[in-house]
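After this come two complexes, each holding subunit A, first together with subunit B and then together with subunit C.
Let's look at the complex of A and B:
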C-alpha cells in the first residue's frame, strides 16, 4: 500500500514534469530551438495564477484565474518571440540556448522584484480534499493534474499529427528554408508556437503552485529536471515527453525512499543511463545524415 | 600598417606575426608583471580572480569554441581539480605535484566520461553535461573522505621555493603563481591550435562528416579535446581553491557551469582572446555595478534600490544584447575596432555584414 501511495504521488509529480516537458517539446518540434527558460516561464505562470486566484490578490474563481493566466502567458510568449527571439532567426541552435538562459535569469530577477522572494502557494477550492480508493488516498489535486496532463498531451498530439498548422510547424523545424519555399510563414509559426508553449507553461505553473509553494528561483532546477524528462523521452516526441516526465516523477520518490543518498540526483543518473544507451532518447528523433 | 609578405611556411603558423605583434604582447606581460606595484591589494585580488577565470574559460573554450561541443558542466571539473589539489596537499603532498595531479585527475576523468557523453551532440550534450555538474554537486557531499563532506576543505598555505605563499599574507606572490600557470597554459594552448591535433579539433567543429572524410578520427579528436579542456579547467579549480581559501559543495554549483559558458560566449566563441575578455567581464561586472550605484547615489541623487540579483540580471541583459547584435562576442567587437584602425580611412560599412542564414536541422547529423 505504501508503495502504491508513493506511486500515486510520483505519477502526479511526473505529470507536472511531463507538462513542462511538453513545453520544451512543442518549441523543439516547431523551431528546433530549446527554451532553457521554460522552467522560469512556468514560474511566471504560477505567480500569475496566484495573482488572479489568491484571496489576497484578485480573488477570482479557479477556472477563470487559470484561463487568464494561460492567456496572459501565451501573449507573453508571443511577444517574446516577436520582439526578442526573432532577432536571432536562422542563427544556430546554440545561440538560442544562450539567449533563453539569459532570458531565464531576467525572468527570475523581475519575478523577484514583482512578487518577492518568499515562497507562496496557490489557494485552491479543493485543497486537502482526498478521494479514497480502498486504502489508497488520491488527493484531488493529483487527480486533476493527471487528467489535465493526459488531456493536453492527447490534444497536442493530434494537433501536430492532423491539423494544417501542426504539420506546418513540423515542416518548418525540419527544414526552415524548404518550409519557406513551400509558402509557410515560418516566423509567424514560431511566434504561435511560443504562445502555445506559454499557455502550457501557465497551466503547468498553476497546477504546480496548487501542489506546493513557488518562489522565483524554483524554475531553474525544476526546468532542468523537466528538460531531462523531455530528453529521456527523446526531444521532439510528445508521448515521449509524458513518458519521460512520468519516469522522472516516479524515480524521484522511490530513490528518495530506498536510496536516500542519491535521491536528489536520481533523475539525472536515469537520464545519463538512457542517453548512454540510446543517445537520442527513448523515442529517438535523430537519424544519421546521408551524404 | 605595412603589408607583410609571407616567404616561408613558418610565417603561417608563427605565434607572433611580426616584431610589432610580439612587442604588443611583451608590453602586456610587462604591465601584468608590474601590476602588484600599480594596484592595491584588493584590486590585485580581483586581477588574480580574472586570471583564474580566464584559465577556466580557456578550458571551456577548447571544447566549446574550438571543437564545437557545448559543455554546460565544466564547474564539475573545477570541483574535481580543487578537491584533488586540497585533498592531496592535506595528505602532505607538495603544491606543485598536487597541482599537476589535479590537472591529470580532471583530464583522465574527463577522458573517461567523454567517451559515452560525446556520442551525443548539440542539445543532448548540453543537458548531459549539465546533469554531470548537478551530480558532482551531490557527490562532493557523499564522498566525504576526499572532499570533507558538507564542511568542505580549507586550503593550506603553499610552500614554494622556500617562500610561503598565501592569498592574504602574500597576495603578490599568489598573483605571480597564477600568472605563471596561465601564461604556460596559454602558450601550450596556442601551440596545440597550430598542431595537427588542434587543426583536427577545428575540422570536427566545422563539420563532422567532412572531418571524417578527410581522415580525422572524430572520436579521438573529441576525447582528446575534452580531456585537455578538463585538465585546464581542473588547474583553474585548484588555483580557485587557494583563492577562495575554502571549498565545499556550494563552491561549484550548476550556476557556475552556466556562468562559465556565458563567459566564453560573451568573450567570443572560438577565439583565445575571448576567454580573457569574458573573464574580465564576469569578474569585474559586479564591481562596476556597485561602483556605478554608489556614484549615482552620491552625485546624481538617483537612488537605485539594491534589488537582490541585480548584477546577475545586468549580466544576463548583456548576454542577451551580445547574442542578438554581436554573436562573435567581445572578440568580434575588438576585431572590428582593430580592423577599423588598421584600414583607417578605407573601412567600409558592410565589411562585417552577416549573410542571411537558415536553421539547419540537427536531427540529422
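Let's look at the complex of A and C:
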C-alpha cells in the first residue's frame, strides 16, 4: 500500500514535470534551441493562477482562473517570440540559449517585484480533500493533475496529428527549409509554438501551485529537472517528454524513501543512465537523409 | 504556342550568397506551357537562381516578373499562392510525416478541400507507388520515391510554374528516365510550365524546349534545346563527346567559343 501511495504522488508530480518537459520539446522542435526560461514561465503561470483565483486577489472560480492564466501566458509566449526572439532569428543557437537564460532572470526579478518573495500557494476548493480507494489515499489535487494532463495531452495529440496547423508545425520542425518552400509561414508558426508552450507552462504552473507553495525562484530547479525529463525522453519527442516526466516524478519519491542519500540527485542519475544506454534518449527520432 | 509576353521574366538579376556574388546579371524568359532547362556545372549559380525566383533568397538587383507582375523580394508563402512551386534540390521531404501528410503540406496555401482531394488523386495517378505507401513515413522511402514525392508535393499547390532543382540527383539512369518521362507528361497533360535545373544535360535537353547555359553567375549561351544539343560547345563540355578525329591529348587545347 505504501508503494502504491508513493506511486500516486509520483505520477502526479511526474505529470507536472511531463507538461513542463513538453514545453521544452515544443520549443526545441520549433527552433532547435532549448528555452531555459521554461521553468520560469511555469512560475509566472503559477502566479497568474494565484492572482486570478486566490480570494485576496481576483477571487475567480478555479476553471476560469486557470483558463485566463493559460490564455495570458500564451499571449506572453507569442509576444516574446514575435518581438524578442525573432530579433535574433538566424543567429547561432547559442545566442538563443543565452537569451532565454537572461529572460529567466528577468522573469524571476519581475515576479519578485510584483508578487513578493514569500512562498504563496493557490487556494483551491479541494485543498485537503482526499478520495479513499480501499486503503489508498488519493488527494483530489493529484487526481486533478493527472486528469488534466491526460486531457491536455489528448487534445495536443489530436491537434498535432489531425489539424492542418498541427501537421504544419510538425513539418516545419522536421525540415524548416522545405516548409518555407511549401509556403508555410514558418516564423508565424514559431510564434504559435511559443504561445502553445506558454499555455502548457501556465497549466503546469497552476497545477503546481495547487499542490504546494510557489515563490519566484521555484522555476529554476523545477525547470532543470523537467529539462532532465525531456532529455531522458529524447529531446524532440512529445510522448518521450511525458514519459520522461513520469519517470522523473516516480523515481524521486521512491529514491527519497528507500535511498535517502541519493534522493535529490536521482533524476539526474536516471538521465545519466539513459544517456549512456540510449544516447538519443528513450524516444529518439533518428532520420538519415538519403542522397 | 508562345504568347507575346513570357510567364516568367527574369532581368539582370544579381544575388549574393553571403559575400559571394552568385548571380551576375542573369536574364531569362520562360514562356507559358514550355519546359526550359538551365544547364551548368557545380557552383554556376543554378540553385541560387531557383531560390531567388521562389523567394527564399532576396536579389540585390534586377527584377523578376510572373505573368507581368513584379515579384522579386516577395515571401515564398505569397509566391506559392501566386503559382510558383519549388521542388528543391535533394528532395527535402518531411521525414516523419506520412506520404499523404507530405502531399497535404504541399497544398498548405489552399483551402478548397475538394480541389485538394482531386489533385491528390491526380498525383497518385502519376505516381501509383505513392498511393501504395500513402501511410508510410516519407523518411523510409528510397531516394527515387522521395523525388517522386517531392514532385507530387510541388504539384499540390496547383502551380502555373514549377521550379525543378536537380530532379536526377543521386538516381539511377533508369529512374532518371522514368522521372523525366513523368515530367514530360505533366507538362503536356497538366500544362505546367517547367523551369528545370540539371547537371545531366542530355536528359534535360531531351525534355526541354529551350535551354540556357549558366557559368559562374552569367548566362553564356541560350537557344532551343535542339540547337543546343547540336552545338559543339555543349557536345564537348556538357555531353562529354569530342569530335571524332580529335586526338585525346589535344583535348585540353580546345577552348569554349563563348569566351
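What we mean here is this: the second predicted complex is superposed on the first by the 285 of 291 C-alpha atoms of A that agree within 3 Å, B and C clash if a C-alpha of one lies under 4 Å from a C-alpha of the other, contacts with A are read in each partner's own complex, and residues count from 1 in each chain.
Basically, contacts are C-beta pairs under 8 Å (C-beta built on N, C-alpha and C of every residue); 3 or more make two chains touch, one makes a residue touch a chain.
What you see is a predicted model; the values in this text were computed from it and never measured.
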item: Which superposed partner A:177 touches (first subunit B, second subunit C, both, neither); value: both
item: Subunit B versus subunit C as contact partner of A:235, first or second or both or neither; value: first
item: Contacts of A:164 with subunit B and subunit C, given as first, second, both or neither; value: second
item: Which of subunit B and subunit C A:185 touches, first, second, both or neither; value: second
item: Subunit A residues touched - subunit C or subunit B, whichever exceeds; value: B
item: Which superposed partner A:265 touches (first subunit B, second subunit C, both, neither); value: first
item: Contact residues of subunit A, present in both the subunit B and the subunit C interface; value: 174-175, 177, 180, 285, 287-289, 291
item: Residue numbers on subunit A that touch subunit C, as the complex places them; value: 164, 167-168, 170-171, 174-175, 177-185, 285, 287-291
item: Contact footprint of subunit A on subunit B as seen in their complex; value: 70, 116-117, 119-120, 122-124, 126-128, 130-132, 134-135, 138, 142, 209, 213, 254, 258, 261-262, 265, 307-310, 312-313, 315-317, 319-320, 323-324, 327, 356-365
item: Subunit A to subunit B touching residues, read off their complex; value: 31-32, 34, 84, 87-88, 90-95, 97-99, 101-106, 108-110, 112-113, 117, 173-177, 180, 220-221, 224, 227-228, 231, 235-236, 261-262, 264-265, 268-269, 271-272, 275-276, 279-281, 285-289, 291
item: Subunit A partner contacts - residues on subunit C that touch it in the complex; value: 54, 56, 75-81, 86, 88, 90-97, 101-102, 104-106, 108-109, 139, 141-143, 146, 153, 157, 169-170
